């Protein structure tokens, strides 16, 4: 029974990882950008949430209303300035610039907010409570996060498939020159994609602050690699693939924890590496090599 | 020993607004890195015309279209749309102003459906008669297949969708790059067969063709390029097959130069 | 635009292909003097200074390796901290079994080279973005794996045994000399490597990989060799780290910050030149020493400078100097020298090493 419980917990955690990952999948899929600062931007989102909750007394569950648009704007700005400039100069420059951004963000947070960790919504029933079905204990928070992740993915899917800018994003991912010929400034389209990516990962940051705690290094310690794991396992080019990837990661971790409590994260990485080596295109992709 | 039309005289081929060319290229010099691709090319396309650029592979025809569309920056020279200089405009701005290129190799958005390709083409469309519906009327097979992914179409079908994608933007100057490339003759015929209906809506066409006889059939005027330089210009009616052949292949005794070309570097040099 | 009208009238034997404009013997002599001077430091400066220099040597060694990987083999690794950690832990393991850490150092470095082979097999087929992430995940996985073993300290680490017999001054001196030796060997190895046929292959790969492959160069083998060499170098640096810290903690030795520091030092100094990492390390140490009291600021500035350099001065600080002076401390390219000089057939050509 413990195994069933583990699997279910793993599936639910997959929702959190999908929130981390969907923005990364978007940026990598559309712009071929590996944003090493992705996790740190999630942490910034979490810190902003902490700020608006404590300083302006915004209710915890409404903090995202402020955080997500702010982070989306920041995402657009970063894309149009730093990342666009790096893109034009090649992969190495993009990695250096985003790594530099990551270093700057983490140390700035360290400098101004100390290394103390912060939680969001500690004490709330949503965060601490759970309900039981049979002998399975389900945390309110995990279930909520999973539902939120599904809603976000549905929203992104709808946006990409039905809206003008969604089509433009997909078209730009296919052929950015041809999109210019159709009258679209691809830099602006990239900016929109980045705004979506950073806005959603900020949501993930808030969720992480509730599920665990936020500290300056959480971005690179946890969030970034889990996000990449979900994207790679699930397969690039598919939003629902990131949910599948997140679920596989979560389940792998919980199974690892069942075997040996301290092997949770290690188990997930081993699965990640296995997929990278054996099937780098991921579980959902039809292509043979990306 | 030239076979050029006198550009300063209006010809019966030019419909519309008199002497102002819709699209003008002046002394365009284009480099690919250190390689000289276009050596002081000039042309004028008047409203309602079909102007054809012919020439062998590597002559510079596609480079010319890409530079006019804004995907490539010239070293010197200028490009004018209806009298105003667009040389420094980004490609998307030019597209919004009416210079729309159907690029070589179709370049459809492969992960999008036929209809989505057209919708993207219409994203920043100008006002005008062309809509997605009208494109379906022009190419009737498309309506039934409009939810198919573009990657699943045949070459000829993709070329048609690419034309449709450009049309829904309501271009003023439609640039067609190597329509016939890789397609069976009967398919090419069908594509060019749509040209009159396109022209009838007021679109001006500048096209690039390797197939000389096809170009001669549809063009009101043409220009031949060889290694980046103009070797012939005129109306199909005014040039002989021998002149075209000589200009295309650069044979001795070829008609060289045209009004406006001053550079005296000798061919093949 | 006319081509050369006549064939060269000078016999080809009159032209010489040389390695540099000035004799490299001068640079070699100069380098020797510098190394000897540095070796004397423990006798002439306080141990505080030598400790700082040990740090600099670690960063310089790491930066040279990262430069080799990214600047010459086109491998952008964000996971070199794996080898730093492995080097430190190999020393720890050997020391726990009674060896002196200083003796363990070269063994640990070689062991890292051996470990690099299966790791290379895991990641070699991945392309740029995936490759970078894979190396990072590998490093994280190795760290987590090592943390399982409480015999080597588990998650908290262990102090490094085997050095308690030495007095502090002597220990500091030995550590310093070991670090100096590692750095000198690393730089020398990189220099010789790039001057060898492997270096030619690497430059060819850097300039045009497809052409290199089709002309027969064993691209995959060349890259693997570079990866292994970088593994050895980073492992040696990790060994020095363990010795200088007198302890080995997983979160410290496997920190991705090592990659950030070596990458940024290389980029700021100049990627793809041997001199670049030297300059970059100098800048890094300068920042660190002047801003050390301001805690995290030097890393913030480092990151900002790296971003600015990557975007606006792609060839780094050395690149800015190099383009003005045509000067190389470590010549690895070729010059064509004609016997007549500037008044002759043609001016000396630009260096044939990619012109970077």
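Note that the chains are named A, B and C in the order they appear, and that numbering of residues resets to 1 at the start of each chain.
Definition applied: a contact is a pair of C-beta atoms (placed from the backbone, for glycine too) under 8 Å apart; a residue touches a chain by one contact, two chains touch by 3 or more.
Everything numeric here is computed off the predicted structure, so don't read it as measured data.
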Core chain by centroid distance, with centroids computed from Cα atoms only: A
Maximum centroid distance from chain B, chain identifier (CA atoms): C
Chain centre separation in whole Å, for chain B relative to chain A (CA means): 45
Centroid spacing, where centroids are CA-atom means, of chain B and chain C in whole angstrom: 53
Rounded Å distance, chain A centre to chain C centre (Cα mean): 34
For chain A, residues that touch 2 or more chains besides their own: none
Touching residues on chain B, where the partner in the complex is chain A: 69-71, 90-92, 95-96, 100-101, 103, 107-112, 116-117, 119-121, 123-125, 165-166, 169
Touching residues (chain side chain A, partner chain C) in the complex: 28, 32-34, 36, 82, 85-86, 89, 91-93, 95-97, 99-104, 107-108, 110-111, 220, 225, 228-229, 232, 260, 262-263, 265-266, 269-270, 272-273, 276-277, 280, 290
Residues of chain A touching chain B in the complex: 164, 167-168, 170-171, 173-175, 177-186
In the complex with chain A, residue positions of chain C that touch it: 70, 76, 78, 122-123, 125-130, 132-134, 136-138, 140-141, 144-145, 147-148, 256-257, 259-260, 263-264, 267, 271, 295-297, 299-300, 302-304, 306-307, 310-311, 314
